[in-house]
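After this come two complexes, each holding chain A, first together with chain B and then together with chain C.
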Partner chain A sequence: MPRIKYISHLKIRLKLYGCTNRPFYHIVVMPHKKPRQGKELEQLGTYDPMPNMFNEKLVSVNFERIQYWLGKKAEISRPVEHLLGLCGFLPIHPTSYLEATRNRKKMAEAEQNKEEKAESGS
Partner chain B sequence: MAASSRRLSYCLLKSNYTALLRQVTFQKSRCVRSLSSAITTETGKDDKDPFVVFRSQEVQRILKKITGLNVEKVSHMVSSTLKKPTYKLLTEEETQEAEESARKAAEWKLQMPPFMLPRKPIHDILSKDPDLEGFDSSKYVFTDISFGVSNKERLIVVRDTDGTLRKADWDERDRVNQVYNPTTGQVYIAPKMFDDENLERVLNDDKYIYMLDRACVQFEPDNPDFIRVTHKTFEHINKNRKFDVLRSTRHFGPMTFYLTWNNKIDLLLVDMIHRGLMDDCIDVVNLYVILHPTSKTANNMQDKQDIERVKTYCQNDAENKAELELSIQAFEDSLRGKSKQTA
Partner chain C sequence: MCSQLVRASQAVKFLITEFPPCLKLHNVTVLSVRWRKPRWVPKSQSKLFYVREPTAILAEEYEMLKPKYDAYRTEMKALRYFFLQANKAERRQEIARTEGIDAKKDEVQHIKALEINRKWNEECARLREERLLKEREKKEEIEYHKQLKKQQEDQITKTETESFVAQSLESSEKFITMENLDEEIEKLLDSKTDYNIGFRSKSQKQ
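On to the complex of A and B.
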């Protein structure tokens, strides 16, 4: 028997706001075939990807409504899944771990390069 | 019946506290803010929690009484937008009603900001995930914006760059609440005037009411900064004997409470005697007895009346004994002189 994956027609995803060089997102729920900037069914939160002066990225989520839409079989897009994983609402997304290991590797390499430069310089 | 009415009055007192207000004077705007979330009642185990004493009925009655009610001063405190005066022709009854409503409005404005201990810091780590270290170069702050959650109860968590998930501390909470649920008059970052070096300068200009009002708007009453600013202001007033500035404002009660709590009422008593407010003076001593039930004064206070109570305090616990004694004597002499004149 062929296995058919259930595809929801509802999607919780990011809708781009802001202006040139200053992105800002709303977390919204909308039918999955609509364009990114299409009309949403409901806004569920916001996400500001640019850190503020205290080096914080602010995310606000209406968890009550998210639970409601999940009950309506809404699917969550990957960026939103990533955010909800970080806040402890869902299990942490595997890509977050991947990104973390990559970043750590990069940082270690950068440090090594610095040390080598310092040694060759002196 | 009596019990139910007592319960009702208790409820009223409680509800009064849940709606403590904040008012501030700005150049052209006026904002009133309610402090419904201010009550973090400590369980009554700790006897030394001043808030429990502060909100007791007797203490409230005394503080309200000595604050006084000067309707003109209260209504002048808020400079709203300039308006043309309106003139009305009223009957005697209507004038009385208007006066009554003005008095009620003034009383409403005189509700005191509570005197509290500093709040306890939040150190609540929800999970540690070292595998997640370095996932981003900045922290993530997550706020629950579900409908009907108050600022005090709102769940705010932070994912640090080292992968720990923790509850936000008070600073972060205040800032994020101001972003998502702003309060009129409050600023995102506390003004520089509350820094210690600037604070001193403002106080030297005698801008006490301005400073206290501003602090009431900016901070919650259990914020350590609020406590630092108000206490410094009270100290400054006590040092320079400028008590009369605060009379008929909502800060007179907390100031008296602070001074009494810290055994510093001598100068206040002297000031009151000089102004001929002997009743207030006795009330302050009564307050002292309530706050310090184990002090010498409280022990020697049995069946003493009126001015004798002040004298008892003067003999037992006063620090500026000589000055206080002198002013009591001067007051008594003047009384005697008056009685002779009338005779």
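On to the complex of A and C.
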């Protein structure tokens, strides 16, 4: 017998709203086979990926309901896992660490390049 | 061999269900991955011998991610279990809370229901008695009429029989007995009946 992994039919994921060049998401729970814009079972929060005037990406989450749906064996999609990790509700997702390390590396490189340029310039 | 083929086709069928309906093929053993180009367009010259190189995984990144992923997954598993138990506990509490209330409600409702039932029963009994009384009266009337009719019929038969008996008694006086047999024979012998009417000119008996 092949071992079949349990696949929950519920998924907590992002539903795209907004318009051209202005994305906005709802965090929703819905059956995993439904299309992205399908009818959700419940909205659990919002996510605005565009930084506002204070350079903030705003997220609002209903933690109680997320707890409830997780208790109902709902799966979470990668981006939402990422968000919830950064919220401090779930453990931080490894890809967040990866992104951070890569960014740090990039920044260090940029700084090094700057220093080199300054040295060569002087 | 055949069973293997069937299994393979079923596996591919399962895969196909994940794709949009326009890509669902009738022959389930063929899985089209050409999303944009039609089937008959050949592979482009530049991509003829192209093999995609898998995305490189840096050793240091892998080393960093592996334990983190393990820890993350175990933690998530634990959290899921915790939330499941929390949900269950909440459900149990809800049941326990509502059970007591329901029991009290049920008791009050039961008493109310009994009262309604008693009233209904009384009403039913009253109606039934009225109905039975009516039925009995009707039955008695019918019976009385039947009796009357029977009496009349009996009377008629009685009178009929009486008259019949009287008539027969009257007629019995003229009966032929052994005593007056000879007389009667003599009488008969004496009486002549002439059938020669037709032979006479004026159709007279004598």
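The working rule: the second predicted complex is superposed on the first by the 120 of 122 C-alpha atoms of A that agree within 3 Å, B and C clash if a C-alpha of one lies under 4 Å from a C-alpha of the other, contacts with A are read in each partner's own complex, and residues count from 1 in each chain.
By definition in this document, a contact is a pair of C-beta atoms (placed from the backbone, for glycine too) under 8 Å apart; a residue touches a chain by one contact, two chains touch by 3 or more.
A quick note: this is a predicted structure, and the numbers were derived from the prediction, not measured.
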Room on chain A for both chain B and chain C (clash or fit): fit
Touched partner set for A:93, first chain B, second chain C, both or neither: second
Partner chain in contact with A:61 - chain B first, chain C second, else both or neither: first
Which superposed partner A:70 touches (first chain B, second chain C, both, neither): second
Contacts of A:45 with chain B and chain C, given as first, second, both or neither: first
In the superposition, chain B vs chain C on chain A residues touched: B
Touching partner for A:110 - first (chain B), second (chain C), both, neither: neither
Three-chain overlay, closest Cα atoms of chain B and chain C, distance in Å: 11
Shared contact residues on chain A - chain B and chain C: 92, 97, 101
Contact set on chain C toward chain A in their complex: 61, 64-65, 68-69, 71-72, 75-76, 79-80, 83-88
Residues of chain A defined as touching chain B within the complex: 45, 51, 54-65, 83, 86-88, 92, 96-97, 99-101, 103-104, 107
Chain A residues within the chain C interface of the complex: 67-68, 70-73, 90-94, 97-98, 101
Contacting residues of chain B [partner chain A, same complex]: 126-127, 129, 131-147, 157-159, 163, 165, 172, 175-176, 179-180
